[in-house]
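There are two complexes below, and they share subunit A, which is joined by subunit B in the first and by subunit C in the second.
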Partner chain A sequence: MTQYIVRRLLLMLPTLAGITVLVFAVMAMAPGGIGANLMTRGGDMRPEERAAMVAYLNKRYGLDQPMATQYLRWLNNVLPIGYETGPDGSRGKFGFKPPDLGMSFVKNRPVLDLIAEALPITLLLNALTIPLIFAGSILMGVYTARFRGQALDIGIGTANLALWSIPTIWMGVMLIGFLASEQYLKWFPTTGLESLRADSWTFLPSRTETGWQIGYLLDLLWHLVLPVFCLTYSGFAFLTKLTRSAVLENLLSDYARTARAKGVSEQVVLWRHVFRNSLLPLITVAASILPGLLVGSVIVETIFSIDGMGRLAVEAVQMRDREVVLSITLVTGILTLVSYLLVDICYALADPRVSYE
Partner chain B sequence: MSEVAATPSNHQSETFSARVLRQTIASNGARFGLAWIGLVTLCAVFAPLLANSHPLLMRVGGNWSSPLLEHLTWIDTTLLAAFFVGLGLWMQRRRLSGSRALLLMMVLVTIAGSISYATVSPPVAVVLDQYRTGLADGSIEEAIFVPIAYSPTDRSRDNPLSLTAPDRLHLMGTDEDGADVFSRMIHACRIALGIGLVATGIALAIGILYGGIMGFFTGWIEILMMRFLEIFESIPQLFLLLTVVAFFGRNIYLIMAVIGLTSWPGYARYLRAEFLKLRRQDFVQAAQASGLPIFSILFRHMLPNGVAPLLVAASFGIASAILAEAVLSFLGLGVVDEPSWGGMLNQAVGPGGTFAVWLATYPGLAIFLTVFAYNLIGEALRDAIDPHLQRPVS
Partner chain C sequence: MGNRFGVKDLLLYLFLSVILVSVWLAMVQVDRQWELISLAQEQLETQGRDIAEIRRKVQNGVVMGASSSGGATEAAGGFARALAAREELDFARGDWLVDYFPDNLQTLTPILSSDTYATQVQQRVLDTLITRDPETLKWLPLVAESWQISDDGLTIRFKIRPGVVFADGEPLTAEDVAFTHRMVMDERVAGPRWRAFFSRIREVTVEGNDAVFHYEEPYFGSFELAGTMPILAEHFYAPYLDSVETAEEFNRSTGLLFGSGPYRLQDPKSWTPDQTVELVRNDRYWGPVQGPFNRIVYKVIQNDAALLTEFRNGDIDIYRARPLDYRELKSDPEVEKHARSLEYYDARGGYVYVAWNQKLNGEPTRFADKRVRQAMTYLTDRQRIADEVMLGYAKPANGPFNPQGEQINPDVETREFNVEKARELLAEAGYLDRDGDGVLEAEDGEPFEFTFSYPSGSDDFKRIVLLLKDLYVRAGIILNPEPTDWPLMLKALDDKTFEAISLGWTSGFEIDLYQFFHSDQTQPGGDNFMSYESPEMDALIDEARQSMDKDLRMQLWRQAHELLWEDQPYTFLLWRARLDFFDNRLHNIQRVTAGVNWPGLWRMPGEWYVPAPLQKYGD
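Let's turn to the complex of A and B:
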């Protein structure tokens, strides 16, 4: 197993290189180049000033070099092993060095800082969403599998398919519109993850001179309700449908009948025999749900104005901030590949027949 | 054999594809899905005849003219031609085989398209309020309009009404710029349908070619191709889409191409799995032994036997392509100046926290129903194809 994991980790390197090459090439081939694109804000300059400014930007960020040189330079900076780069861009000695994700062209801050601020927020959203999806859909799937019948099967299946088909953008807009607007119900906040003065609050609810204040934790949870719901419902519907059909199929199988004939109680048949076998298809599709959640957080973070990776990505792409775009590609690529690997390991743990030796 | 084939009630004798088609259409879900997509198709084809600011007929100085017909674009006429060619071939379906009808359709539509492109040239500068102001001041004596008398880009400059709730004049209200939402809803059917079909077509073509080759060859070719496929799989589609659109401009054909170029790995995987099973079968071995060229073995003998799971995946793929375009437009990176459901949804929540219910309900419902329709069809297809589900439920 260790050998398998090490091999998979090593195979990630060429895949990650491929992903970044692709995104790099897309940006490098853009008409006008990045230097000219960075200039969109200086519209009132004279043509010669403009040309000089573009040339300066190109030189400053090394954009006047050939594409391959630019990519290799970026790769060298990102890797923990490589040539050290001096402050003037000169090449130092070869060896271990801290990885450097570069500076944001637009925000003029290290990309590492930007990602260090945004990543925990997106991970928080997903850390809440994934257990909710799995716990909810497994319970719901097993529960609804007990009711059987032609019309009921179709009804439950179609309802789940419908819930799965609701676009997140629509759900988000409707939730904000009806539950977080002045015109209808103002139950939830519309933007961000904390209230304006939450910094000065205690962590837990406490009593102050002016009365009760809800505290940082409850405030955060209150802000998280709608975004997490938006991320959850569609995966929940998809997995419920899958769990139900898997459990149904196994309940009718020969081994379940044998267990019942032996006198095993229905609860034990369901949870110890049928349920374990029904887990396998769930793990298989988990591989497709995890990257979906990353995409989902782009949408949800934009709708609810949460400063996570998704929002950072949309902003960076719109501003054509090359270093940020490349770094986000790298980070999401690593997250996706690691989640694929985790799914494969879970598969081997759940099914003793699966072995990667 | 001919006697058996002559009795269609005998289900044992029908071909696999005929059985799948019969069972798919028999399900209520697929019927609803097909009905909705049919409605969207009709709206897409007849959009300029349903919602247009140009009057169908108008009388100026005693002379009748039809500004609507003069302002049709080559895309409008090609779509209309394609629709009627398709309808004609459908009427003749007993006399034509499926593949021949498809070929004929493609040829005729290409001809109609090139003729339209060469001959149809509507006036470039269009003032859309001229008819309303003309009718008001009497310079136009009489005008007959189509059911919705607003073009999707008619911002009602003569009487600006931004974000008005639905009323008798605008059945679904107006958007931020004062354009009629109902008209935009109808014209947006084109982008939704076009994205789904073209992007999935591109993805299917690449996926079939790639998956077929990968499933037939073994060794280092397969390993190399698999790595390449994994690269494409690990890139979040939306992210690449955002990058390309931001750096290359907001072009509908570019968006179609990128969605197509990023969604093929799934199809390639499905086809590879099918081909790995088929490779060992006798008919493939026989084809190889008789020295058929590799292309013929792969795509004339193996593909028809392995295409079923692809159709299911394609149906779900169309749904997700439509969703991808909607999300892109919602994020404000969609096509410029063309109506799109996602773009309209974006205007529902204003910057000041105002909420235009009509701008959330109608476009959102349209995206949902279209995605739901394709998912229902995919589900019905899968149930019909999967032999596992053929046995009666005990």
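Let's turn to the complex of A and C:
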């Protein structure tokens, strides 16, 4: 097993190198190049500034050098072992050094800072969304299999399909329009993750001279309701169907019949025997969770004005902000590969028949 | 079986994770409250110091106000309008102004910032030497008490007003002005945009109370350039120039914003782009009037639907509408109840144009013939674009000069839509329908067909271009629309690979034509990307730029306008109106020559206010 894991870990290195080379090449070949960041937003250009900006970026980031040099320089910066780089771009001595994700061309800030700002928000959203999707889908999947062909099965199946077909962008706008508007129902806040004054509130609800104040925690949850709903509703369909078919297969199997025959109650058959054996396909899907935790949804983030990873990534691609795109790809790539490895290990743990010896 | 993972365990784990997340969130909030507390502490300390200082002065028998505020009221010049607003019967201080940005801000730090959003915030925090009267457009003193321009126009001397202080009580002196220029020009600072702009100033020297700006060559914009340079505090920013590392720290900063203006950031160092921008009143503001609002808040709202809902809910006080929106909302009784609309032309708002490329791959194009360009202009029905695409909220443009300003030549007419005239001109230039297929051909039989690039993602541009396609085909010209992404657009401009392109420029009170129409600017990186070359125009521009005599200069600009009308390097399309809604809480919103009397736009404490009974936010 250990040997297997080590081998898999070593195999990751060429894969990651391949991914970054590919992304680097695509960024380099993209028409317009890094010059995209010269635009000032809103479509207005200040004429005097463009030439100065190009010259400056070339000098500072060596953008006028050959692609291979630029890639190797980036690789050297990202790796924990390599040449140290001085503030003026000079090459220092070889050895261990802190990995450096580089600077965003467009925002002129360390990529690490940008990720550090966006990641907690995305993690918070996903930490609520993913368990909700899984819990909901498993429950629905198991019971639709249990009552297959009956009203419950058809009803849930149709509803999930319908929800899955609604585009998030439409749903989000409708929710804001009807549930967050004074014209209709003002149940939820419109945008953002907190009220303007939330900083000066207590954490839990408390009583003040002017009456009850809902506090930071509830205020945050209240702001999260609509975005989390938008992220959740379309996720049920796929997982429910998956669970349903796995459970269905096991419900009809011999061991389930045996269990029933020896007098085990249907509830116990369903949850203790059948459900556990149906977990395997869910584990496969769970492989996407780990990288998925990092990936934000640009649509939901834009509708609700939340600054998460989705917007960071999409903006970076639009502006050809190379270091940001590469860093996000690298981190997502590592997490994807690690989660595949974890899934393979989980297989061995969940199913005694699987072994890597 | 008993040790297997069961429902109870699941619940337990869920419960534990909820607690963990809550603890984390609580820590986040405590952290932020900690920042607030340390801020409050800092404020208390500085206030203590202030009080001690005042006590000392009182004990020493200094007459308060005679030197500082007295001097300021005397030169109320720049503050006259703000003072007048305070005389209104229902004037009250307090409440918030909640504005929005449609896009994320990247940095508030001056010199590094490059977008208009950061500029809007900086305008309330940083002072300049002079300001402009929004009605008469005359320059008025602000931080400078008076100024002198040498006869050759190469030195400008500003006398700094005594008693001007930064938000921490430190006095603002001529040294700070000189420092600002030094900092902008420092190569270690990542501000190529600002540097390109201010490099025209050779140096700024200090002579007693005066800041003296020196120039290499006379330039009509010298005075404005010097007078509108935001003044940075030397004691705040200078430490960042100590070494390469500290300069790098400055380059990476997002919220180093500190000045002497009527508003300030609660903490002038720690703002990051994931926070809302909240400006608080600068209680130490040196002017005779203080900012009317307790806070000015800028939310970031990127989605149009969400933006509209926020406005309908009254969560934002200003809403900048697009023509279609505007027409609908104006007659909406719900909106009428809490907001009022205002259409106006901002003197600094820009114009939209079509540029005809005269040289493609070194070869003259069909647009190199000015008769063709004139014909294209005749075919461009600008009134119809204004009426149908912009729903009447735009004016046809016939030149780059603002209709509100003095540069415009009132005698230049706008060419009316005229297919006959266009056909005549095209026939003269050799374009006729030779094979009877309805499309014009050149002598060699090549059909008159061209691609027309415009920024993708802009609905207004798209509708304009579709209308143009329709209009041009009437004269037998085929337009192939090509929506283009910004990066590709910029590349096409640099390489001059487009045939015709539609874009917008921002404008000003007095603009310089050099960048756009001088033949020097046809080189790569210049903005004469359509390769328009006219010795006559070059001469006019060169002379006007160096002329310090305003009347003479205006005459030259007007001649240039006439020449542009004749040559049509651009077909100027439209001046777009601003279509804004303002919450009814806000009083004293007026239309002025320059547009609307925005608070902070003129580096003034602002003329808008919320009468006491209407105030809805506290402090």
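Definition applied: the second predicted complex is superposed on the first by the 304 of 357 C-alpha atoms of A that agree within 3 Å, B and C clash if a C-alpha of one lies under 4 Å from a C-alpha of the other, contacts with A are read in each partner's own complex, and residues count from 1 in each chain.
Keep in mind that, in the parts below, contacts are C-beta pairs under 8 Å (C-beta built on N, C-alpha and C of every residue); 3 or more make two chains touch, one makes a residue touch a chain.
Bear in mind the structure is a predicted one, so any value in this text is a computation, not a measurement.
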Considering only the touch criterion stated at the top, classify A:V325 as touching first (subunit B), second (subunit C), both, or neither.
first
Check whether A:S200 is in contact with subunit B, with subunit C, with both or with neither, and answer first, second, both or neither.
second
If you stack the two complexes on chain A, which partner ends up touching A:G155: first (subunit B), second (subunit C), both, or neither?
neither
May I ask you to decide whether A:P99 touches subunit B, subunit C, both, or neither, giving the answer as first, second, both or neither?
neither
Name the contact category of A:V173: first (subunit B only), second (subunit C only), both, or neither.
both
Quick one: classify A:G62 as touching subunit B (first), subunit C (second), both or neither.
neither
One more residue to check, A:E182. First (subunit B), second (subunit C), both or neither?
both
Who does A:T190 touch here: subunit B (first), subunit C (second), both, or neither?
both
Residues on subunit A touched by both subunit B and subunit C 30-31, 173, 176-177, 181-183, 190, 302, 320
Where on subunit A is subunit C touching in the complex?
30-33, 35-36, 38-56, 60, 87-88, 103, 106-110, 113, 117-118, 120-121, 124, 127, 131, 172-173, 176-177, 180-183, 186, 190-192, 196, 199-200, 203, 216-217, 220, 271-272, 302-305, 307, 311, 315, 320
Subunit A - residues contacting subunit B, complex:
11, 14-15, 18-19, 22-23, 26-27, 29-31, 37, 148, 150, 153-154, 157-158, 161-162, 164-170, 173-174, 176-178, 181-184, 190, 252, 291, 294-295, 298-299, 302, 313-314, 317-318, 320, 325, 328-329, 332-333, 336-337, 340
Subunit A touches which residues of subunit C in the complex?
1, 7, 14, 21-22, 25-26, 28-30, 32-33, 36, 98, 103-104, 106-107, 112, 114-116, 190, 192-193, 195-197, 244-245, 248, 251-252, 254, 272-274, 276, 297, 299-303, 305-306, 309-310, 312-315, 334, 350, 455, 458, 485-488, 490-491, 494, 503-506, 515-516, 525-527
Within their complex, subunit B touches subunit A through residues 28-29, 227-228, 230-231, 234-240, 242-244, 246-249, 319, 323, 326-327, 330-331, 333, 342, 345, 348-349, 353-355, 357, 360, 364-365, 367-368, 371-372, 375-376, 379, 393-394
